[in-house]
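Common to both upcoming complexes is chain A, partnered first by chain B, then by chain C.
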Partner chain A sequence: MRVNFRVNGRPHEADDVWEGESLLYVLRERMGLPGSKNACEQGECGSCTVRLDGVPVCACLVAAGQCEGREVVTVEGLADYARDRAAGCAAGACGGTNPDAAQRWRADPGKAAQGAADSPAGEHAGLSTIQQAFIDAGAVQCGFCTPGLLVAADELIERVPQPSDADIREALSGNLCRCTGYEKILDAVRLAAAREESQTAGTGA
Partner chain B sequence: MAGVTRTPTTLTQDSAATEGGIGESTLRPDGTLKVTGEFAYSSDMWHEDMLWGFTLRSPHAHAEINGIDTAEALAQAGVHAVLTYDDLPTATKRYGLEFADTPVLAHGRVRHHGEPVAIVAADHPETARRAAARIRVDYTPLPVVHDEASALAPDAPLVHDDRDDHHAEHVPHPNIVHRQPIVRGDVAAARARADVIVTGEYEIGMQDQAFLGPESGLAVPAEDGGVDLYVATQWLHSDLRQIAPVLGLPEEKVRMTLSGVGGAFGGREDLSMQIHGCLLALRTGKPVKIVYNRFESFFGHVHRHPAKLWYEHGATRDGKLTHMKCRIVLDGGAYASASPAVVGNASSLAVGPYVVDDVDIEAVALYTNNPPCGAMRGFGAVQACFAYESQMDKLAAELGLDAVEFRRLNAMSQGTVMPTGQEVDSPAPVAELLRRVKAMPLPPGKQWESGDAAGTSVDVRALPGGLSNTTHGEGVVRGVGYAVGIKNVGFSEGFDDYSTARVRLSVVGGEPVAVVHTAMAEVGQGGVTVHAQIARTELGVTHVTINPADTQVGSAGSTSASRQTYVTGGAVKHACEAVREQVLELGRAKLGTYHPAWATAELVLEGGKVVTDGGEVLAGIAEVLEDEVVDIELEWRHRPTEAFDLTTGQGRGHVQYSFAAHRAVVEVDTELGLVKVIELACAQDVGKALNPQSVVGQIQGGTTQGLGLAVMEEIVVDPTGKVRNPSFTDYLIPTILDTPTIPVDVLELADPHAPYGLRGMGEAPTLSSTPAVVSAIRAATGLALRRVPVRPEHLTGT
Partner chain C sequence: MDFLRPASWEEALAAKAEHPTAVPIAGGTDVMVEINFDHRRPAYLLDLNRVAELHAYEVGEENVRLGASVPYTRIIEDLRTELPGLALAGHTVGSPQIRNRGSVGGNLGAASPAGDSHPALLAAGTEIEVASVRGTRFIPVEEFYTGVKRNALEPDELIKTVHIKKASGPQQFSKVGTRNAMVIAVCAFGIALHPETRTVRTGIGSAAPTPLRATAAEEFLDAALAEGGFWESGKTITPSIARQFAELVSGACNPIDDVRGSARYRRHAVGIMARRTLGWTWDEYRSGGRGARSTEGGAQCA
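This part shows the complex of A and B:
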């Protein structure tokens, strides 16, 4: 079958999709978006968490066909999504990612090297607050749980701008991490919430 | 490699002029790639016309294979190949970490549930799975060896009836992989001096590494008849040594590149899909990708050895240990994997970080028809630590002494002679770590209560049972427990444990740039961060590039045994020093006549310049190098170790020891048997924290895995050898709700024998975490609790 849905603000189409294929498989293997991770494919680990019409879901538990005509945000689009949100646009309401910008993002082979050239103390301009906070707080080790955690944590801060530790633990309880013991993930979410707040205060919004 | 997408990239990291060296919490050079989803993990590898591989595994723990019919599977549309034992191309049909006892594909017999029997390549993963289901294997089930009694019974079936490995000669039974006794002093005489004697029998369940990135890789056949393999592993060169002979290829025709590794913890030391992927790629002439799902992953790697441990300790009335006797039985499962080394660790560290002169220790690993067990973080030492620390609590209680003070009274220190006869020749601050962890402030009680105007409200999220809302504090009791442990660092017992590093320094755009190339497997631990820091410190540069790990450079050994920062870090330092010498040579030759300090002063590279120890700048590195390139590849070794004597266990077997102590605070709902760990504090000596933030992250991660073993994690294997819970639905690892605050106190007492004084530190926190949690549960409930994981029924007696 053929499925059409929007991913990170851009229309995507996949042909020859077998009915049993999950959203995760179609994103990873048919749309060239492997950022969402396949750690358990049982809906237990949260590594494949994406936003489906704004709601965090395990992409491994969603049949690709269910996404027809809907809006998906993955870790690859998180920075743009956060930028649109800051600019006061709901997903897609500002036209999502500018197609030209998205094209540049996908096509620029220098981006990876540029991103990795992050200075030990510096910040990377292209990242969302939560992404930068994960790097700065040391919340990334192997990084396999990171994409799902970022999507889930970003949704938490969107919903609860100043979450308590109990809120953070509850919101991220569906995301397994085997490396960090979660302490630095908590630090990262606290840091991101604090930075968002100071930015909001700074702009007077 | 043309056609492959999402290949591992070089990591470039710049720093300000005097920043980014060792001792600083520099950020990961792969951090940005990992938070944007661009980091190329092994399961992300993709090739335009690739096939998908799938493995058919045994449903039996022990069975005769009478025949395999692949015809129906092969006839399926989209299926390109179905391979069995009969299709293996060479006489080498087995592989193994220490010795080759593991069949690439089963021949005549399967020895454990999940053993690979056949492999399929097809154009879609589901097609491959469905084809595998149509392979007809005719099995006759055989009696199962599942514990020590059934393994050593007079009529026990032999798991391997053709053993020719180097342990076969000295073991008392062919179903024992390896046996290591350690005897020292006069136990009978010491026992006679004891005022109290305490015995205990302890049991550890089978823990899984549960790394999140599944076993996966992409094998691409090459025009020269060889194969390019992109894979997640812990040791590229060990894989290569095992893969090439099975394929019938010289090692240089099996080109391996490390893909992104989603955690390891020991579970990637053994091969998984490597040979299978290569066989299918070479047979079909097409790239083949294999990705295990979580169900298969539970069968696709070895686990932590379950163990039974019998201990006897004696002490005098004033609290000094007199003697220790123990017997440790580790279940190695169907194939040897790292079992011999696990036996070596369990026996040589069985006494723990305590001074006991008179000991009688025996450790064995069994061959059974249970799942194979091998490396997992802290192997051998984890099992022993739960037992000896449980004994310490028992002894202290028996003597009426404080459990921490009793431990401090018997704590080892620098100069202590281990039961192996080896003197500990670097700091061993066991008593100090215990003191520090005890001195930390205790978390306040009843954190679930928050007073407000209307009275007291309850946040159930802070209670045992959490949002299940099973208690509002009634039936909840608190307990505090302590533990300390000792782990060896690096490969022991005479192993040639070297690493290789290649460092290149040249001028790019007027600036000196260092390129570090090693085969070290970055599995998340942050080795790439540390290598860049070492290069900055030694070469005084700001720009460092880390090349992807591959087999085009010499071996870096395994990312295990807490060894990589020590050994491959040591190799990077060593290579940088050689590069620096060459730069200074060039400088002396080119510029020596301009300043006498070139000949007379101690020179260092700092801030991109050649500087005297007095701080005088002699020249820029770029000025010295001009268009020359200094490029050096060197091996580096730590001090040699020696094997343990097979009868007495004596020998200088370990290169370094690592110590951590924990204090656990738990709350237990005694009615339902639910445990909530409130806080798990750790103090650890790391010698020198090359990257303090990463060090703390390792300690917190290791601590959490120990918590999992204490109260949650066990692969349940039934008496027929079947695995009952191969999923994250039924095998539970700690979530963020299960994990408490983990305050960390890092001590830095330099080991004079190690690079920068550092101490391998990744495993030690996994040891004492488990017994500390169980000790706290004992303190809360008064129960004996001799087995981990502790389950609700152990607490309620139901």
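This part shows the complex of A and C:
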């Protein structure tokens, strides 16, 4: 079957989708967006967390056909999504994420350091606050759980700009990390929330 | 496999009548696991996401009419005053990602004895509105569970609305598991005080082939509270009454040994949860509903 939906702010058409196929499979295997990780396939680990119409969900438990006409944000589009949010645009209204650019993306500290300001609109927008905070706090080891954690943590800060430790623990309770012991991840979320707060304070918003 | 996408309730009923083997899918938190692991290959998936009324709820005079697909997150955030027991139980479901998708209709459709919402539905008092092209019927929740992962639905029927009595007194839910998140119940217990009828109702989860009420324990407690004038005086329930209540709740269990716990442990733990949750709800009743224990921040450790 064919599924039409929006991914990271841009329309997408997936063809020959098997009816029992998950959104996660479509993203990874049909769209070439492997940022969302495939691990438990039963909603236990949170590695495949994406936003579906803004709501964090496990992409492995969403049937692809259920996404018809809906809006999905993956970790590949997270930086643009965060930039659009800060600029007050609806998701995708400021150009969204070019899937080809997302596929070409490589971790590059130099480029990341230049920040979003140097990136042309609609292209790679550097790192979002939460992504930079994960790097700075040392919250990444093997990196497998990181995409899901980033999407979940970004949604938390969007919903609760100054989260308590209990808020953070609850929001990330569906994301398993087997390397870090979570402490650095909690540090990263606190750091991102503090940076977002000082940025909004700076703009007088 | 075919993917059926009805745009309305009428279309959904027509599709289910035409394809009685179609598996309804809403949040997908159970169904997709079975498909991902190749445990199930239904000929038809019946996607209910476009049926708007299933995602809506209404608060009436006596009941909350909860659409079958309303996710747990909505129940926890919007309905914890009206349905405190269900909000507490819902807060123990999976993780935020799962609670954003999973629903009471899914719990009822799967009819697993370990479903978290069942004890709360039993304790509050609930009727399930199911429908087919042939018509609508209301099934008391006690009669809805017919066996392990079996329910009273006919092949052409779908769950539409869950009619749950609004709380008129304190309610509690307690669950045993290895951690707070992402845990299937080893066993669970729900309790609701109904001061207007001077009755107490219970629900036991994951300690028998189906979720069930501990009716003998309820009858004993109702009589003991009436006889002692507890509802009027609001005095503390005596330890001997609480103990006998707990023993009768334990006795209502019919558990099995499995990887999550032994039958003996389950029977014991359900009794402990019964005694403690009775204490918590009664304390709240005595303090005039200003109980220290609220649904804020999730379920208490029993």
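Everything that follows uses one rule, which is that the second predicted complex is superposed on the first by the 171 of 205 C-alpha atoms of A that agree within 3 Å, B and C clash if a C-alpha of one lies under 4 Å from a C-alpha of the other, contacts with A are read in each partner's own complex, and residues count from 1 in each chain.
Criterion: contacts are C-beta pairs under 8 Å (C-beta built on N, C-alpha and C of every residue); 3 or more make two chains touch, one makes a residue touch a chain.
On a predicted model such as this, the values are computed, not experimentally measured, just so you know.
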| item | value |
| --- | --- |
| First (chain B), second (chain C), both or neither touched by A:E183 | first |
| Chain B versus chain C as contact partner of A:T129, first or second or both or neither | neither |
| Partner chain in contact with A:N8 - chain B first, chain C second, else both or neither | neither |
| Superposed model, chain A: greater residue contact from chain B or chain C | B |
| First (chain B), second (chain C), both or neither touched by A:E41 | both |
| Partner chain(s) touched by A:A63 [first = chain B, second = chain C, both, neither] | second |
| Touching partner for A:T74 - first (chain B), second (chain C), both, neither | first |
| First (chain B), second (chain C), both or neither touched by A:C145 | first |
| Touching partner for A:E29 - first (chain B), second (chain C), both, neither | first |
| Shared chain A contacts, counted only where both chain B and chain C touch the same residue | 18, 20, 41-42, 44, 166, 170, 173-175 |
| Residues of chain B touching chain A in the complex | 5-6, 9-16, 19-20, 24-39, 41, 43-44, 46, 124, 126, 209-214, 260-265, 291, 293-295, 459, 461-462, 467, 523-526, 693-694, 696-697, 700-705, 727-729, 733-737, 739, 741-742 |
| Contact footprint of chain C on chain A as seen in their complex | 1, 18-20, 22, 41-44, 46, 49, 55-58, 60-63, 65-66, 68, 152, 166, 170-171, 173-175 |
| Chain A contact footprint on chain C (complex, rising order) | 1-3, 5, 25, 27-29, 31-33, 35-37, 41, 45, 47, 49, 94-98, 100-101, 180-182, 297-298 |
| List of chain A residues in touch with chain B within their complex | 18, 20, 28-29, 32-42, 44-45, 47, 74-76, 78-79, 111-113, 115-121, 124, 126-127, 131-132, 134-136, 138, 140-147, 150, 166, 168-170, 172-186 |
